[in-house]
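Here come two complexes built around chain A, the first alongside chain B, the second alongside chain C.
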Partner chain A sequence: MSTTTPAPSVQGLEPEVRLGLYSSMVLVRTFEEAILREYHADKGPGFDIGKGLVPGEMHLAAGEEPVSAGVCAHLTANDAVTATHRPHHFAIAHGMALRPMAAEIFGRTSGLGRGRGGHMHLFDPDTHFSCSGIIAEGYPPALGMAFAFTRRGSDAIAVAVTGEGAANQGAFHESLNLAALWNLPVVFVVEDNDWGISVPRSASTSIPNNADRAAAYGIPGHRVEGNDVDDVHEVAGRAVARARAGEGPSLIEVHTVRMWGHFEGDAQGYRPDLAEVGDRDPIPAYEDRLRSAGVLDDEQIARIRADATERVEDAITFAKGSPEPDPAEAGMYVFAEEAQS
Partner chain B sequence: MIQSDIHGETPHVGTQDDDLIQLLTVTGERVHHQTYSSRVAHLDTEALEGLYRDMVLVRRFDTEATALQRHGELGLWPQCLGQEAAQIGSGRALAAQDHVFPSYREHGVGWTRGLDLRKVLHQFRGEDHGGWDPAEHNFSLYTLVIGSHALHATGFAMGVQRDGDVGTGDPDRDRAVVAYFGDGATSQGDVNEALVFAAVNDAPVVFFCQNNHWAISEPTERQSRVPLFRRGSGFGVPAVRVDGNDVLACYAVTQEALERARSGGGPTFIEAVTYRMGAHTTSDDPTRYRSRAEEDYWRTRDPIDRLRLHLVAEGTAPEFFTALDAEADAYGEQIRDYCRSIPKAESSRMFEHVYAAEHTLVESERAWFTEYEAGFATEGAQR
Partner chain C sequence: MTLTDTPPASRAQAGRRLSTSKAMVEAIAQEMERDESVFYLGEDVAAYGGIFSSTTGLLEQFGPKRIIDTPISETGFIGLAVGAATEGMRPIAELMFADFMGVCLDQIYNHMAKIHYFSGGRVKVPMVLTTAVGGGYSDGGQHSQTLWGTFAHLPGMKVVVPSNPADAKGLMTSAIRDDSPVVYMFHKGIMGLPWMAKNRRSIDLVPEGEHVVPIGKAAIARAGSDVTVVTLSLSVHHALDVADTLAGEGIDVEVLDLRSLVPLDREAILASVAKTRRLVVVDEDYLSFGLSGEVVASVVESDPSLLTAVRRVALPDVPIPYARSLEYAVLPRHDRIEGAIRGVLA
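Right, the complex of A and B next:
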């Protein structure tokens, strides 16, 4: 959906839009639950992170679906998204094909990066999507893409995502400053999930509201305090419309929730709110709201969930059935041409 | 819930002086300021004459060094011309135990720390191991990398915190740290990370930004959409904007910031609005990118001239200025003699110690450079 006018108010949000937001969140959660199942299937006694179908670290985004759904509802595949080490929700909400995405996560040759990137490095030219395991490193490339869109006369925009911890990185500040100066069509999105791994926000950030950081660079900043997809949709709609209209960058911070660990296997012993975190699941809450509003009934819920499951299991089956890269080819694709030893 | 603190309006950098703290006008009149006048009330005529002497002698040092570079005695010189008030005013507010992390243009601050400025010449003459002992004057070595020392200053300040030298109430013990950098450095991630760390840890550090309007050839308005001191709000750091060519105002705001830091109140961001009257360095030609009219405007706001006007009006005798001129001339001669006495190192020595073992690339570069330098000697001999 391409939006060039300000989004309607929450009360006026059309039922189809809300169904779209709901479906996006359900699809993401279904995908992440399937990854969770496959990831933990064979980690052996004592959780060996190197074992199983998906070796290595895994950062899942359960609880943060309102951010990706609310923002990406305003985007098309022409728009760029640069995401974080926790990228699945934004990748799916932005329309990434699930089969090559799952295959990449499983490290198979049919994956987006031929199995060489893994879950933190999903690069998809079709949807202008990229992400990185390096904190805040998606911000400068988003500016580059936005600059390119502008030079080509396109009204496409770039969305750059980080967590609240990354908002303390130099790259974040350099990007806000340069985007402001060059009036680039960028929407900066900060997912404030309270925790930078085990570091609480209060120990990393000196201000309660990163919207104040936006003001310090002369751009609009908005903080969405609740993890509410309708609110995110509204605020993101204004920011995206501003960017498309050539009015420059904005920053959105959403106070969201990381329902699971920083990575799978994180016991989260540092976290005092662990017992209540399940109560903050945004999906059942939104489901109830839509049911009350008459937007959604049990039959539709069952169909949306069944569709999601079917698509996700298809992607997982595709991934598991794809070949693994030949170890002898590990040195390929490092340089465009074969390196001279 | 959507918070209503939406900042839709975009402020722009301007030359409006609404927020600018000033205690001494360009014509040398004292201005009353509710907050800051009391901080300079104790400075009597003798003290003001002292500040004037500081600025005159530092300018002489800077002018001599520039000339020495033009004579081929120094490889490079970064001038502080025009920024004497920002450096002397802030530097004279420091206590002995405070520690300074300068960039590469803070000759005036070094002067206030009791550093023999002639030592600064060693580095720019290319001498091996040029420099000074940072602990002797609590004045670190110059940092040529833009903004990186803001992090060093913050780390040092966090160390001061852990030594317990903050908030004891003992004026001889409590310490602050000052990082000096320019307007260009505010665009660097390092400076922003330093502000984040300083703010979240309440580190006793003062970020003293000399906005001299030019980051080499890049004007400030192409580096920030907001006046630089507004950056402080993004970090939860108190920030002030001061007339950087007003030695009294610079003294007052720095003193306030230092007191906040030493007492445990955390960091402050100071934007001292000044002007780089000279080139970025002697390798730069500012006529390529800025107008004579702009330079002329700032020449009327000279930091030394306005204090001289004030002193004259307050009755300082002409003999004071005559004697100071003689002192400056004598100082200039010392600087010239000293500089020429520093032995020059072989330039090709820069190729040493790059790799532990001999490296073909370095060796080929050394050979090229040796031949290049020898070429100069040959040309000179033929003339």
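Right, the complex of A and C next:
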């Protein structure tokens, strides 16, 4: 069976590491709040999903920042991350440049995909980041990235992220088996936010702990209860070190929280915990803890927040000021020979 | 380097004849020697050598790190190939039967085919998906389909379908070197397998050394003036057989071997039809919503007055039956092709 955190072993985390975790979470939240604002600015009258500067589905990750911060703290830009339809927190925590990221979300030519991808399809060669809008299907490509790294003699690893709903998909299980069979340097991460859109995990999943599924493939599994970034950092550190050392894959499930809807516009009428979900915000809790531990004071908090706001607003301004794609070029980039620029 | 725009029958090359499967393997081996990043993975591709001999001898030559047997886990290993390709390797992943696309299509059409576009051209996916297609040997309706129209319908992947040994080699070379994903569909009936009825052209002349057939160029397999038969894969051979028969009656059939579906060589189709004014499309894929309709539409869109007569010979829209009499009734075999040619000439 898998193991479960909280464990008593996280006291030793360096203050600089904790500041980094906090800063990552604040930057992500600042970004998500800015996208939230821009997304809803012009959807009216009423709510029309196709209207406005940022049209289409929008899946924001408020509440899930401890997962991305705790995992990505162990990665370099040489490591790959494959994320989900809710990708912003992992993209930012892994170091994606905010300007081209925001521009892609706004569908502009200066975006990562020149407006061809959108918020569920962010591809960044500089940080080996990609994501897929199809549940669990980001797992198999991570195997190939890890395979390529190993063949090239690199110690880079791949991190594959899904939600708890994906653990019932075939791609999830095929990937765990193949990674274990071939001893690939992959860290599988499951973000358990309790909800597959409107379906609670109790109605979707036959066991309470997806990390237990690791045992079926002979690899370590660990569940982090409590959405605690220090715990995620510790558990992910072991899994990343194991992968980097050539000892094979691990599975980590983090019990996190989806503070907002599945997508924007989701009224969440199905959700009995709606009134209390704000109480589970991991960022104020972590801020208090760091303050009590003397790691963080009000001045630093203000500075970190101001820096995040400045970076995010710069990216939003850049995105809005970038040209929209030329409709005549919708057919460009289907094939590689069309990508000369 | 040999650059081939014409089929091997029209080339006066001395010597060496290979089966289609050996020609395909030769191209893979030459590219693997040339480029360290090429590797081959799939079910029963190592010790077995591919159940349709697509990899025979490669394990012995390149070892298990580059010729890799996978579990029966197509989503897993095709997805692995996609990820490895985005990181600069050149994987060849074999989907044992095209019919198995149903268990892994998401990795193929939502990932392999779309990543380059989604990334605005910044992430390339230089991989080859090889797969066996076709029926005619009573393998039932889940192991006999061609399904190339389905792959070709979904944007972002090139689709090549060789009909003879030289093209099998040349198109494989091109597919491996292409920076876009290429689906390479080989008909079991053209491989020259010793355990399956084979046409007389499945063992033929193959250039030695580097041999490249450009993707997207059709070939005139037989020049003629009375009627154009546009076809591909095993049906090319059926069409050539029928053309030989009809030549005795003074009917001059042109057979156009498409070789690639994506990109489709519409110019070659139009050029031939402009000459003959009569078109028969022979397609071993399902009739409706597929290749045969696409070919006819391409001609009509270009010039509605070009055609005086058109027929399609394809699989009627039924699952492929098992019993030989039933399967032969639905496949585009000689009798139906001949009937269609006579029909457009009537």
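We adopt the following convention: the second predicted complex is superposed on the first by the 327 of 341 C-alpha atoms of A that agree within 3 Å, B and C clash if a C-alpha of one lies under 4 Å from a C-alpha of the other, contacts with A are read in each partner's own complex, and residues count from 1 in each chain.
As a convention for this text, contacts are C-beta pairs under 8 Å (C-beta built on N, C-alpha and C of every residue); 3 or more make two chains touch, one makes a residue touch a chain.
Everything numeric in this text was worked out from a predicted model, so none of it was measured.
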Three-chain arrangement built on chain A, chain B and chain C clash or fit: clash
Chain B versus chain C as contact partner of A:Ala171, first or second or both or neither: both
First, second, both or neither for A:Asn209, with chain B first and chain C second: first
First (chain B), second (chain C), both or neither touched by A:Phe47: neither
Chain B versus chain C as contact partner of A:Leu181, first or second or both or neither: both
Partner chain(s) touched by A:Tyr270 [first = chain B, second = chain C, both, neither]: neither
Chain B versus chain C as contact partner of A:Leu112, first or second or both or neither: second
Common interface positions of chain A, toward chain B and toward chain C: 170-171, 174, 177-178, 181
Chain A - residues contacting chain C, complex: 80, 82, 111-117, 121, 123, 125, 128, 130, 132, 134, 137, 139-149, 151, 158, 170-171, 174-175, 177-178, 181, 332-339, 341
Touching residues (chain side chain C, partner chain A) in the complex: 70-71, 73, 75-89, 91, 103, 106-107, 110-111, 114-124, 126, 155-156, 158, 178-180
Contact footprint of chain A on chain B as seen in their complex: 1-3, 5-8, 10-12, 187-193, 196, 199-200, 222-226, 230-237
Chain A residues touching chain B - in the complex, by the definition given at the top: 168-174, 177-178, 180-181, 202-207, 209, 211-226, 228, 231, 234-235, 248
